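The structure that follows is given in the form of structure tokens.
For reference, chains read A, B, C and D in written order, and residue numbers begin at 1 within each chain.
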Amino acid sequence: MLENYNIRTDLALETRERFVSDHVEIPGVSVEETYDEEREIRTTRVVVETENGAKMMGKPVGTYLTIEAPNMAVPDEDYHREISKKLAEDIKELIPERKEEVSVLVVGLGNREVTPDALGPYVADHLHVTRHIVKEYGKYAMGKDQVYLVSAVVPGVTGQTGMETLEIVKGVVEETEPDFVVAIDALAARNSKRLNRTIQITDTGICPGSGVGNHRLALNSETLGVKVIGIGVPTVVDAVTIVNDTMENFIVALESSELLKSVGETLRSYNEAEKQELIRELIAPHLNGMYMTPKNIDDTIKRVSFTISEALNILFSEGTAS
Amino acid sequence: MLENYNIRTDLALETRERFVSDHVEIPGVSVEETYDEEREIRTTRVVVETENGAKMMGKPVGTYLTIEAPNMAVPDEDYHREISKKLAEDIKELIPERKEEVSVLVVGLGNREVTPDALGPYVADHLHVTRHIVKEYGKYAMGKDQVYLVSAVVPGVTGQTGMETLEIVKGVVEETEPDFVVAIDALAARNSKRLNRTIQITDTGICPGSGVGNHRLALNSETLGVKVIGIGVPTVVDAVTIVNDTMENFIVALESSELLKSVGETLRSYNEAEKQELIRELIAPHLNGMYMTPKNIDDTIKRVSFTISEALNILFSEGTAS
Amino acid sequence: MLENYNIRTDLALETRERFVSDHVEIPGVSVEETYDEEREIRTTRVVVETENGAKMMGKPVGTYLTIEAPNMAVPDEDYHREISKKLAEDIKELIPERKEEVSVLVVGLGNREVTPDALGPYVADHLHVTRHIVKEYGKYAMGKDQVYLVSAVVPGVTGQTGMETLEIVKGVVEETEPDFVVAIDALAARNSKRLNRTIQITDTGICPGSGVGNHRLALNSETLGVKVIGIGVPTVVDAVTIVNDTMENFIVALESSELLKSVGETLRSYNEAEKQELIRELIAPHLNGMYMTPKNIDDTIKRVSFTISEALNILFSEGTAS
Amino acid sequence: MLENYNIRTDLALETRERFVSDHVEIPGVSVEETYDEEREIRTTRVVVETENGAKMMGKPVGTYLTIEAPNMAVPDEDYHREISKKLAEDIKELIPERKEEVSVLVVGLGNREVTPDALGPYVADHLHVTRHIVKEYGKYAMGKDQVYLVSAVVPGVTGQTGMETLEIVKGVVEETEPDFVVAIDALAARNSKRLNRTIQITDTGICPGSGVGNHRLALNSETLGVKVIGIGVPTVVDAVTIVNDTMENFIVALESSELLKSVGETLRSYNEAEKQELIRELIAPHLNGMYMTPKNIDDTIKRVSFTISEALNILFSEGTAS
């Protein structure tokens, strides 16, 4: 009933699912799914190919890779290393081709003080930065013929800085001129099952989203002037989403009940305006600005952020020895 | 419809409200409300006087003071100082009578790594501890005739320590023999409107609750052998509560609709077993272990914890100068 | 003997003292000292007026205010508030004149992970940022006719970011165009007595110094294009300084001993090359890159950083109500 | 000259070195040194066998293993894993023999807020605690026939808790009854070359020492009633030690100088009282309570603490699969 109500998700995968469940074809959007049985990793590649597809999806033209690994939130060092390697390969596909020296700025978005929003800062914490070393001692200090010059910044959130995240990142990009940017952020998912076990990689940057920290301005090639790879992990579900899900489940429950079948059908027959009105009444105003997250988010966020920083460390230390 | 379903709240105030909304008198439970207009502070004193009352309330016999101050979450240093003073007075009422030297152990419960659960540790961080000074230099080092010997411990949570919180606190109490204990904890509220603007003080200690960190064993005079003052602030709402609230709002919405009035009435007429069944279907299994909290929880938790630590610092530094 | 050996200090006050102890007049440098007996605050104003004076001092032309308050490291909230007020007045003197809207970027230099170097980040943490509010709602949201638009950034250190601090700050300045910058940093002192009880304010910015984090490039009006107020607190003494001090004390001890008087005199008569050689032998190579700091630095740094952030909050919230 | 002046070191290795440099045999103290060339790890085993030996050494009867690995402070994950394995073997030697279930309490001593003193807390942070799991689900939950029940506590320092560290740990030990305790602490070294590249393991517990946090009461089998393995890493040098070293170097420099030879000899001929007097004059009173540590202590402390927590995780997860 309510699937067209504006439910927030940062995952292209979830946006597409809604169309699928409505049996709607989206022209200009291609989807490809692969499953690695041994490692239990499902990879979905959604490519938004046309402006029309972008419009329907509500996401910019570009490639969206989604890695789903149910065990990502579980403590198992070896498994996490496997995911890091897979992630490194996937990111590699989206970044600009290798030259002798490639410089990359990693941006750890989010608020270090709010546990589910600390993903970006934590990734930056464990990154091996090298730009200052290569700048000072030359690339042979790294013992390689081809090197990445890695730099990292944690811009903080507007409530702490008084500035838009974009302003800070843009200033740093203009001053240090990286070849491309990798921006990491905690996202909001539609489905609580996806929390902390899904990683989305996209070459469209970070869109103004519904994560914990709501960046109002996009970080992408248009705003920053260089390619921006966005890496996101859903760590929260918006409270409004929960309310909506409850409603949907309720309707289904009614329909399957002998007694109340007619009620469910009545509700289904509501027109759009009536539905919106009903939802508005149901959502307590105090739910705005609230999000839902698991109790063990502290452990999970540390593990997932480490998996991502390791992926970046693997990728950026590649290169034939000199 | 669903008010008897086991909705979790740590606030005595909220438990009682549910009876009131059902127009049920609870024998053995007295309630008194005062309102300080100037400071906009509402104080509710719920006294559970009999074992029968305790049974109905699901809360032990004892006194529960609840301070509600809508502006508590707002940045205003002077206002917070006012609340600290009020809080100091209220706590004073519940603690054992003054002697020349009174020793108190403050226990900061919760997980420092999870923002809405860090209340207890943050309060302990800002406490002026004095026990070691008085032990070493005598009470005149404090320039007072009567002194509190203040000590503090942050026991951590079971997932970090491998021990029950009670084991750690009990060991410390037996070794250092305080006259009483003050335990601070983040709580779960029933109503999201109460988050971060309500403080509950009770002489019944901390009960195994539904806060972020779920302590399985109570800290009270029975388990610790000394009086335990519990100070709690609701910082989260359980995800299950949100689902329940949505349902209740939905039923009300149905009843007020001309078209669907009969549906609402049908649902109201459900018997207990049917209701439980319905709820079970509605609550997605992934919601277990999830909680909801506001996006700006980092600022709020710092402010509220500082208000409480200041209250304790005011109270414990009182005494006639020597 | 060794006073011309290159001992590192970030305090203009200490540079000058060395000349005074040698009874040398420095042309182009004026000094003025005032003492507030009630509050026990000594203020020294060193003005380097000419390029010649700058050369002798090894510090750029400009004004250097030094506030010394022996009790700054002691816990006494009221006293700290007094210092914050005094500090606000002193900073006010150095900043550009008021207009209707003045924007200021506060830069918290240093490494949050190293206790004595965390001063700058801690000051930024407690700052009331307002730029985003005024930008969105206009200055009347602040209830004032004249407002400061306060923003803050914590750039991190090169080992964490791979970038020069100057690069990051310059980028942010160019993007957000503040009217002036306030940069806060932990400094190295010459004399351990000054640690954590001295604050230096200067309109010459932050020079490449000898603090814990050694910024290699200056932040000043030349490099940033806007006025830079530097606020520094000495929190460490370089290990090399300690060795030097020991030597000086030793010589004095020898001279005052009947028996060893001649030795002291012999040492004094050493020529420069001989002295340098002796020092080089005495300084163990392992002392390089080491600094000395008090054991209670965690409490002290929190208190002093709070005193500074309060000073800035007082200053930037001034203005006639609209 | 000054080697008998009371220079503080927590390393048995260093205490013994002083005797060796004086060509003094210590009866009741045996020493054995091995060197692993491939891994560049030097292991020294000092066994204090008799009370007489203990008296001369100023250290209790027991075994002191010291592992010196110059690359320990350098970032190299594989090398650190090697040290962790070596460490696990060494610790194993000192702990009580295996039974089906062995319970161990790991105590992370020190102050999390002061970088070089955060070693113990950081080790506890990365420990896999299992006691609560085995208690609840039985040892087969761990998939092993023999299991360690690992618990961990971070007691904080007296200035934060108002209690002696011993009081807290003793309480927890009496309540949870572990078979043995492992206490980790940051130490003070005599020689700055040893900082962050030396690990001392001893079965004598932690003695009241000269580390950053000075625990006044020992944690050992006498005070806690169970065996206490102490693991320490020198992370600071006391400022007084630096002064003393400078003096020693100075005397040597004088003796080797043609001109000043006689001075050196005169100083050597000083009697004890004269020497003490000289030292007292040389040590500025402000150096008391100060310590010296390297600038990059934040990275180093993280790496070394991780090496130790990995060693404990390896050791405590051993056991034949069930």
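Note that a contact is a pair of C-beta atoms (placed from the backbone, for glycine too) under 8 Å apart; a residue touches a chain by one contact, two chains touch by 3 or more.
Keep in mind it's a predicted model, so treat the numbers as computed, not measured.
Participant: Check A-B, C-D or A-C against B-D and flag the pair whose interface repeats it, over half of the contact pairs matching by residue number.
Facilitator: The pair repeating the interface of B-D is A-C.
Participant: From the C-alpha centre of subunit A to that of subunit C, how far is it in Å?
Facilitator: Taking the mean C-alpha position of each chain, the two centres sit 42 Å apart.
Participant: Taking each chain's centre as its mean C-alpha position, how far apart are subunit C and subunit D in Å?
Facilitator: 36
Participant: Could you tell me which residues belong to subunit D and also touch two or more other chains?
Facilitator: Touching at least two other chains: 159.
Participant: Which word fits how the chains touch one another: line, ring, star, complete or other?
Facilitator: Topology of touching chains reads as a ring, each chain with two neighbours.
Participant: Could you pull out which subunit A residues touch subunit C in their complex?
Facilitator: 124-125, 129-133, 149-156, 158-164, 167-168, 170-176
Participant: Given the complex with subunit B, which residues does subunit A contribute to the contact?
Facilitator: 111, 113-115, 159, 191-193, 212-214, 237, 239, 242-243, 245-247, 249-250, 253, 259-260, 263, 266-267, 278, 281-284, 286-287, 289-299
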